[in-house]
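Both complexes shown next keep chain A, but they swap its partner, so chain B is in the first and chain C is in the second.
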Partner chain A sequence: MVRYLTMRLGQALIVVVLVTVITFVILHVLPGGAARATLGKDATLDQLAAFNHDMGYDQSLVRQYFLYVGRLLHGDLGYSYQLNQSVTEAIGQRLPKTMLLSLLSTLLAVVVAIPLGVIQAVRRNRWPDYTITSLSLLAYATPIFFLGLMMIILFSQVWPILPAEAPQGFTLGEVLSDPAGLILPTITLAIVTIAVYSRYVRSSMIDNLNENYVRTARSKGMPEWRVVLVHTLRNGLFPVITLLGMYLPALFSGALVVESLFNFPGMGRLFWQSALKRDFPILLGVTLIISVATVLGTLVADLLYAAVDPRVRLRGRAS
Partner chain B sequence: MTTSADMTGTPGERAEQPPDADDAPVRGLWRQGVEVFCEDRLALVGVAIFLLLAGVCFLGPLFYHTDQVHTDLAAVFLSPGAPGHPLGTDGVGYDQLGRLMLGGQTSIIVGLAAGVLATAVGTVWGAVAGFVGGWVDAAMMRVVDAMMAIPSLFLFMLMATIVTPTVPMLILIIGAFAWLGPARLVRGEALTLRAREYIQAMRSMGGTGGRAVRRHIVPNAIGTVIVNATFQVADAILYVAYLSFLGLGVPPPAANWGGMLADGLADTYSGHWWLLYPPGIAIILIVLACNFIGGGLRDAFEVRLRRR
Partner chain C sequence: MSAPTDSTDRSRPLLELRHVSTDIALRKGTVHALADINLEVQAGQVLGVVGESGSGKTMTALSVMGLLPAGGSVVGGEILFDGRDLRSLPPEEVRRIRGVEMGMVFQDPFTSLNPTMRIGAQVAEPLRVHQGVGKAAARDQAIEILRRVGMPRPDKIVDDYPHQLSGGMRQRVVIAMALVCSPRLLIADEPTTALDVTTQRQILDLIDDLRDEFGMALVLVTHDLGVIASRADRVAVMYAGRVVETAATADLFRAPRHRYTEALMQSLPEAADHDTGAKGRLYSIPGLPPDLSRPPTGCRFAPRCRFATAECRTTEVVLSTGDHQHACLHPVTVPAPAPISLRPGPAVVPTPAPALGVREPGERAPKAPAILSIRGLVKNYEAAGGALRRATGQVSAVAGVSFEVHPGETLGLVGESGCGKSTVGRLAVGLEVPTEGQIVLDGTDIATLDRRERRLMRRQVQLMFQDSYAAMNPRMRVDAILAEPLQIQHVGDASARRARVTTLLDQVGLSRRVLERYPHEFSGGQLQRLGLARSLALQPRLIVGDEPVSALDVSIQAQVLNLMRDLQHELGLAYVFISHDLSVVDYMSDRIGVMYLGKLVEVGPAHEVVRSARHPYTQALIDAVPSVDPNAVTRRTDTTIRGELPSALSPPSGCRFRTRCPLATETCATTEPPLTGDVHQVACHFPLRVESAEAARA
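So, the complex of A and B:
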């Protein structure tokens, strides 16, 4: 386990370093360079030169990269002159809210997808399986903002029981104090996730139902519900833990769209608004943080998987 | 939102060992595959939907002439059935049916081109990494990991703020970042393939690594690659839609279904349903079609799955 842990941590570290290289490269291909992107189009040449000197952008690229990483390590992600706020502060205010939305919809997705996947596996190639598969495909093929809009039309216009706008609180506590507003964004983000998860649970369960230990359990005369719900489900759910990690990038991309649609004051909406304003310090800061969050999430999922399933850590190879 | 690879990358399919299919003649395999594909009704429905939509979008304008460049403020928000406008007009007076055709062209072209580009880059990258192995493989795959850690939509938006998202640029942007999935897939194939006897035999006779990749690894992985490519096309069409919704799609007078749908959102409350549902349904249909085709191809050409 220690060996697996060290290896996996090392890999995650390398990936994070590579991500900083990518954001660093993007910083340098920005139109007019990093100075122009930060200070805006009205900055004078003198101001640009002064900024470049302050940030060390007049030095060699390698040295610049180390300066950049040094600033990152001190929690300095840059300064947004458009928001008149440090990037760290702007992200810090919104990150918890995005995490809340992602967590809620992941929880909802897991709770719904596992029973759906189990039903599909047990009733394989019969109508419950076909119905759920069709709905999953449909959910998958629908652009998430169209889906969200359908939800708004259904539940806040035709049958007005839920607010169409997400809570507008500034802090996490204020957002949580308006739970009704969270329902539609959470469900919208969860629906596509459910489609993916249930499909995964289905095939993982089908694989396990064909295993010898299941045959043994059945031949011992164990009731079918016990075979499925106790024996197979435990093994069938292990791979779902890795899926939670693997699915994070897609989840965050979805959150970006959902936050923009429902006006949810999280990191996705910040990114979207900054993109429209070409506020590059924020854009690069969010990209970096969301990537680190993805790497950490995937790492946690992999370690959890290794902790519950000895086959993984003993095989001693990740990815 | 997801990548289609997630929908298909099920644990069972990966775990299964490929049976030895090398004795079967190649043509036989293809013919067999085509037969399996033709028996798959859903896949045929997918092909039919795709051809129908593509046909209407690319051939329709030859018969149904509309002006999609000049706005006509005297004819805005006409309801469907208005004289000369069977599907009505939008907020600047463009004929909605004609615009759907034009937008469909963009969506389909970007989807196909980006899907092909991503697949090609990913195949080469994955085949080389998997075949060479060792630290080269480790380095190449960490690059893939790093790029995969950045959620794609964030990356696409970042790129779309730096360059103007014209059609060729959209293809480049999406293609340049969507190759990661195929790269992983092909690397996995290459890892299993390179241990096979016929490749070892070829190498012992003095064949180069390049030859192994070109003549053996890529052709053997081609089934997986083609299947994945159809899902890539579906994903690319959705990504263009997301970029348009977020305000970074192709600038007017060009159009795409995603952008039309995003514009239609603004008209939800005014009851202009014909601006919302037609592009929405068109996107759903074409993405579904790609998925049906992909599913059919997978059953037909991924030999190891045929038993299931």
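So, the complex of A and C:
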């Protein structure tokens, strides 16, 4: 187990290093450059050159990269002149809020999607299945900005019961003190996820309900609820674990569209604004965090699998 | 055959089916799976239900249990359990009866258990749910019932998961689960079909013992006439959704009345006349069973029956009355000759038959050079284990196997799963590279050839698969499938290939109209014909058949076996015929090699190996085959194998069979016995029947 983890973490490290190289190179060969973006269109060539010299942008890419990595190893993700704060600080302010929003919506999605999928599988090809399937496809096909706008129009204009803007608090505590503001973004994010997850749960449950072990359970005279919930559900949830693992990066990256739409001060909006302003240090920092999260996410999914599926857990021990 | 011990009214059957009909609604039309089934099972009795695939035998079992697949429902008749109609009882009561009073054992132990639930929880579940037994008490009872089904270390197994157990052990768990509430009726649907023959023997013996112990009635559903003959009190023969004949077991096997039953028995490889040495053709039932979404009128077997008349096709035939019932207008009147058993007869000294058809290398002076010669063949696989999939050792799949195959000869390779017989086949055709040893094709060691020469050499040896459907590209038409080997080997131009393809179809008895069809449009038997045609495309001299008929019903199997023998005579082909089924191998082979855990333990003329086996393993294998002769007493001989196949990761030292051998001594653990003898070779320190074999030769 220790060896396995060591190896997986080694692989993860390689991926992360490659990601930093690629992002670094791409961002620095883009036309325009950081100097122009920071100093504005009125800046003179001399001013630009001075800025580039101060920032080390006039050195070779390789050297810049190693300087960047050297700073990284000291926990220094860089400094954003445009936000006038360190990258660590900028991300540190937004990450907890993004994680809060993502966690809430994922939790909501899982809690709703699993029963929906199970109901569809059990009532397969009857009206509950058809109804939920239609709604899922509708939700899945709707662009999220449209969905978000409709939510705002419906629940804060037509029927004004919820705020259209997410809480603007500076700290996590301030955000939490305004829970009503979180409701619309959370639900908007969750709806699409529910549509996806419930489809997976449905097809996985249908597959499992046709398995021989389910027939065995019925032959033991088990009541139907027991057949579905005790025997089939655990086996039917494996695809959800994979999905959750793949979703983990979104916990860190946030949701670009929804955060912008509800003006939520999270990672997604930070990334979006930094990209518009060519704020390289921020873009690099966020990309790095997301790539680490992606790699860790798959690792966590694998470990979760081992926890739920004895066949994976005991592989190698079984003879 | 214990007397019923409970208070059940003896005049009333425990289970009675009256005019039961079952339909399965599909997207397109309805399959009338069962039509007017009448059956009776008395308390403590064993009813065998036998039939080929699609006969409705499993549907009968599932109808009783109320476990029909989606779309299936019982549409008519009564299913009386202890006098109460299961169709009119409230669902809760039916569920209780199903869980407590009836138990069911399924065919495939590998998929019948919940993979994420511990064994103990699965076995104890009926106790907890139906009888409200507490957790600790249920666990104790689960351990107890696991012990009674012969599970080693049951107190440890309860905490294991199914994938940690072998197939035989999993089937014991399924049986324990079915028995945990002491049911009055056990339904076993092909309980041993997925298992090896020695394991089958263990499981069938176990069911027998438990039936006596629990005083249960048993419905034994199987396609295997041998299993039925040795275990059932009464037999019902099913065909196309109907019961066509039912009788006491001995009566049925001694004198089958229905023409279908008769034909089925004549299709068995055991029915071929062994004593002459030249084994005759098997009787094969022509055609296919009817499509049950549009069942034919009249006798459903009439379209395939040798004795059918116009009357058969128009009159609905009902079961006759009496003890031996049949639904046939032209029943068999003269008792057929008793089926032949695989068992050695008493005091019959085997004569090394110098007969036609049996080639014995070493006896005929100018023998043709071997087409395939395998010397000291070894194949090890890296065993990957653990989460990292790192190599944890070596699996010894084939460990020093040597044999020769001569032109026109059939060498049968027989052994249980994991013995390495398929690996030998794959090595012989070059699908795998041996770890050690030589493969000499037609006098040339293929290791010495370069790529091009090796490809040309491949033409000489072709492979035929068990599952031809899986072995064909589903998106290719038959003409492309059959022409592909010719294309790859650059044989002839397009028109020559077309001509060759039509010849091939003629040879395997398929109409030329099938050229534009796709694999999924064919039945199992037709697919094996196609598979055979493809392996014949390059005019090989040797065909390696890996379980070529194992997936087929008896009557279809006979068709394919006959075809293979006809082509052998016509084309002078040699076969390596790999199968787990000793009676099929016996029927097909001139010589038989018996494999155990990567070793060839015995090889010799088919007649001698089967009728006077010298290796204890071979004898155990033969004893384990259920005989279709109901008079053959199923006795537990000294050679009944107990226990499980050891792991090929760490095979036993010395003789690999010693851990399960009744004759093993210390010598067996220290010294590996070499394969000795000239014609009939055996690798054993204490071979059976040495004297008689030597006497016969003297």
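The rule is simple: the second predicted complex is superposed on the first by the 258 of 319 C-alpha atoms of A that agree within 3 Å, B and C clash if a C-alpha of one lies under 4 Å from a C-alpha of the other, contacts with A are read in each partner's own complex, and residues count from 1 in each chain.
Definition applied: contacts are C-beta pairs under 8 Å (C-beta built on N, C-alpha and C of every residue); 3 or more make two chains touch, one makes a residue touch a chain.
Note that the coordinates shown come from a computational prediction; the quantities given were computed from them, not determined experimentally.
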For A:Leu137, is the partner it touches chain B (first), chain C (second), both, or none of the two (neither)? first
Would you mind checking which one, chain B or chain C, touches more residues on chain A? B
Contacts for A:Glu165 in the overlay, against chain B (first) and chain C (second): which applies, first, second, both or neither? neither
Applying the touch criterion given at the start, work out whether A:Val308 contacts chain B, chain C, both or neither, answering first, second, both or neither. second
What is the contact status of A:Arg234 with respect to chain B (first) and chain C (second): first, second, both, or neither? second
Now for A:Arg3: first (chain B), second (chain C), both, or neither, which partner does it touch? second
Look at A:Val286 in the shared chain and tell me whether it touches chain B only, chain C only, both, or neither; answer first, second, both or neither. first
For A:Met222, using the defined touch cut-off, is the partner it touches chain B, chain C, both, or neither? Pick first, second, both or neither. second
After superposition on chain A, the chain A residues reached by both chain B and chain C are 319
Write out the stretch or stretches of chain B touching chain A in their complex. 1-4, 6-7, 10-13, 15, 141-143, 145-155, 157-158, 160-162, 234, 238, 241-242, 245-248, 258, 261-262, 265, 268, 276, 280, 283-285, 287-288, 291
Can you list the residues on chain A that touch chain B in the complex? 11, 14-16, 18-19, 21-22, 26, 29-31, 136-138, 140-146, 149, 152-153, 192-193, 195-196, 199-200, 202-204, 206-207, 239, 243, 246-250, 252-254, 256-257, 260-261, 271-272, 275-276, 278, 280, 283-284, 286-287, 290-292, 294-295, 298, 319
Where on chain C is chain A touching in the complex? 65, 67, 70, 95-100, 103-104, 106, 108, 111-117, 125-126, 129-130, 161, 163-164, 174, 177-178, 385-388, 392, 647, 649
Can you tell me which positions in chain A touch chain C when the two form their complex? 1, 3-4, 7, 210-213, 215-223, 226, 231, 234-235, 306, 308-312, 314-316, 318-319
